[in-house]
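Chain IDs A, B and C follow the sequence of writing; residue 1 opens each chain.
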Amino acid sequence: MKYLEEFQNPELARRLLDEIRATATRPWALMEVCGGQTHTIIRHGIDQLLPDQVELIHGPGCPVCVTPLEVIDKALEIASRPDVIFCSFGDMLRVPGSDRDLFQVRGHGGDVRVVYSPLDALKIAQQNPDREVVFFGIGFETTAPPNAMTVHQARKLGIPNFSMLVSHVRVPPAIEAIMTSPSCRVQAFLAAGHVCSVMGMGEYPELADRFQVPIVVTGFEPLDILEGIRRTVRQLERGEHTVDNAYPRAVRSEGNPAAQAMLADVFEVTDRAWRGIGTIPASGWRLSERYRDFDAEYRFSVGGITTREPAACRSGEVLQGLIKPHECEAFGTTCTPRSPLGATMVSSEGACAAYYLYRRLGVTPTPQEASPVA
Amino acid sequence: MPDTKHPTPGGPTPADRGLPTVDISGWTCPTPLRDQPRVVMGHGGGGALSAELVQQIFAPAFGGEILAQLGDSAAVSLGGVRLAFTTDSYVVRPLFFPGGCIGDLAVNGTVNDLAMSGARAAYLSCGFILEEGVEMPVVAGVADAMGAAARAAGVEVATGDTKVVEAGHGDGVYLNTAGIGLIPPGVDLRPQRVVPGDVVIVSGDIGLHGVAIMSVREGLEFGVEIESDCAALGGLVESMLAVTPDLHVLRDPTRGGLAAALCEIATASCTGIVVQERAIPVPSAVANACAILGLDPMYVANEGKLVAFVPREHADAVLDAMRAHPLGAGAAIIGETVETHPGMVVARTPLGGTRVVDLPLGEQLPRIC
Amino acid sequence: MCLAVPGKVLDIEERDGTRMATVDFGGVVKEVCLEYVPDLKVGEYAIVHVGFALQRLDEESARHTLALFEELGLLQEEFGDPWEAAAAPEGWDGPGGTPPAVRNDGAREASR
């Protein structure tokens, strides 16, 4: 068992697709929250293979798309300082701030480095004691425990030149915000599997009940996504709205208690502005007072930032599934992947970037492999 | 709107010095977020930004029909003789990586550029830009590797140059190589020759070089038994041309990977390309390294592979010839050209779905999302 | 935020008071922090995100899931939906009994 190829098996995928096709009798709109799931869907062409009745709305599950503009601008400010080594996950380098991005900061001489893990940034801090090392701590609940442990380590090992710019976001408040939006079309959710690996499933039954939506915890390989969709469509067809775990090999109902304990120690809940959506109360995490010494927002006074979002950008409406990307006037004209106005065009999982690729494909692809090539 | 008349703050502008100015306002995006008054790393990534730089600054500045073809190497005529002529610069970091060093890359890279024009490389030049303070054994190691690679490829380094830059202004060693070779008669390899119905063949496993480099890059290090596939392809190309000189185009998928090579050819030939993903040979270690970093093997660099567009009637024979050569043992047909969606590359996923393969914007970055 | 990949633990050691493992991702080897899954043993698999193991991968559960996929469409005529037969609220054993929102169709618990 290798846990990857088995869950990419094309024959089993076809069976799952047939099941979905047989089950769906009416149009349904599902939202997958996690950007990683959106990626799998686009990468494998899953949305092309689903029956027409099943519509996938790509949700705000990518930190690239939802990290508040103000935080991006703060990151850019800090990264521009000559004494700072700014470390970040690769995802964030092309996210547009009010007037530039981290790539351009690098172009102006800023020391911006891509790392795989926050621990790599800590290592860089140890190796460069005379420089300030700042790590850009973004992400959902999946990434929060690694970031929390890193700050915890920094304190334990006494690494004074390390700090973290934190902007974590939480999934359940996002679901709530989407469902309370007046023109919401979402009828069910594919919950983010790895978020639930950490947090467990306890936050979802109340949402499923309150909004009468099925919430199916879903994994990330093609078969996982299809299974999540299958179970969701079946609930919808039956008028059910419960929480279901379609990713039991990696998700336990209680989640990971050790990770949750660390989160409770290092972070505290805060209101968070979601780019394109607005402020969602209690939807984010910031460093707790205990760890204020390692909070980059306090270490570097980054005041006086005026954020400026291009007026034409309608990422927020796209993120909530209110409009489709091509319904935005700027789509494909002033806003393209090369010159994005908003984050949904920057991120490869962003709905706008995904649509941009496909709109040029005039031919509707058939599910069968039409090519005679072996 | 930023002032585009003075792109370099401080110092005399080209206009001040009586030089013609290049009007970059045409390519500065109207939205303030994305204008590029300065060079960014993406401009060297081999993707859309690189293409933009060439199309908007270099091609207009130099003019010329040959350059306008934007091939990796140029087919030129001198005294009635057809030569392939190319140049390449090497700025790889780290200098030494699993499977090779900047020296091998430089020699093989230039030999391969010429091979993509059907030419057997004959002579190379080599310019060294050394950073003050770099240790002599490093320079010697690079030079030795170049010599060995040149001998293996049957090519001679005929001339060179050395410059030294101040400490902090280079990465130890930068190399530039140029090369020339004779193009055999009847050989005309360029994207414009591609027609619908051509068969697309790749010469072996993809993604090896890029993964080997990443595995030793700071912040990303991982252990993997993968070495760069850096190799000279002149012999492989000769064995393919021996089947028929009428191949349509060859391309070595370096920066930007297989995806960039296919996209460029689709655009330049105005044909559509369809590839079957499961036919593309990706070693499992490459697939797994890419899975961890969130990268797509199709966009990862290769230094010892080529992709060939072959007339359908010759495809099987060319494939056999490739597989008979040590550097083509893993050759595979991965797709074909079509009339529909001209200029676009479409991949059929193993599940039977479809995805559009687009030109990468700049460098592919690891992601967590 | 969810790019996490399965990896197999090759060996475990303490470093700076932190539990670290060498993990094999199908030929790619990387250092991973095990502090969040401290009872993970050599030979076991975990989901790894940005250098941290976040949860053990349950092999039996994985096999069970794949087996159910295999049965799709084949058993439909004979036994009805294999899912209903096999899986009651999977993974849910919430505090103080089954919450009302969680499906309980009276089916037996899946054997693990």
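Methods note: a contact is a pair of C-beta atoms (placed from the backbone, for glycine too) under 8 Å apart; a residue touches a chain by one contact, two chains touch by 3 or more.
What you see is a predicted model; the values in this text were computed from it and never measured.
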item	value
Closest chain to the centre of mass proxy, which here is the mean CA position	A
Selected pair, greater C-beta contact count between B-C and A-C	A-C
Distance between the centres, which are taken as Cα means, of chain B and chain A, whole angstrom	33
Chain A and chain C: spacing of chain centres that average the CA atoms, whole Å	21
Gap in Å, rounded to a whole number, between the CA centres of chain C and chain B	42
Residues within chain A bordering two or more other chains	4, 35-36, 61-63, 89, 116, 120, 139, 143
Sites on chain C at which at least two other chains make contact	1-3, 5, 26, 49-50
Touching two or more other chains - residue numbers and ranges from chain B	288, 291-292, 294, 367-369
Chain A contact footprint on chain C (complex, rising order)	1-6, 16-18, 26, 33, 35-38, 45, 47, 49-52, 54-55, 57-59, 61-66, 69-70, 72-73, 83, 89-95, 99-103
Interface residues, chain B side, partner chain C - complex	222-226, 284-285, 287-289, 291-292, 294, 367-369
Chain B contact footprint on chain A (complex, rising order)	4, 8, 10, 13-14, 35-36, 39, 42-49, 61-64, 87, 89-91, 93-94, 96, 99-101, 103-104, 106-108, 113-116, 120, 124, 139, 143, 222, 310, 334-335, 337-341, 347-349, 357-358, 360-363, 365, 367-369, 371, 373-374
Contact footprint of chain A on chain B as seen in their complex	29-34, 36, 38-42, 48-49, 52, 199, 218-220, 274, 276, 279, 288, 291-294, 296, 333-336, 340-341, 344, 346, 348-356, 358, 361-362, 365-369
Touching residues on chain C, where the partner in the complex is chain B	1-3, 5, 25-30, 48-50
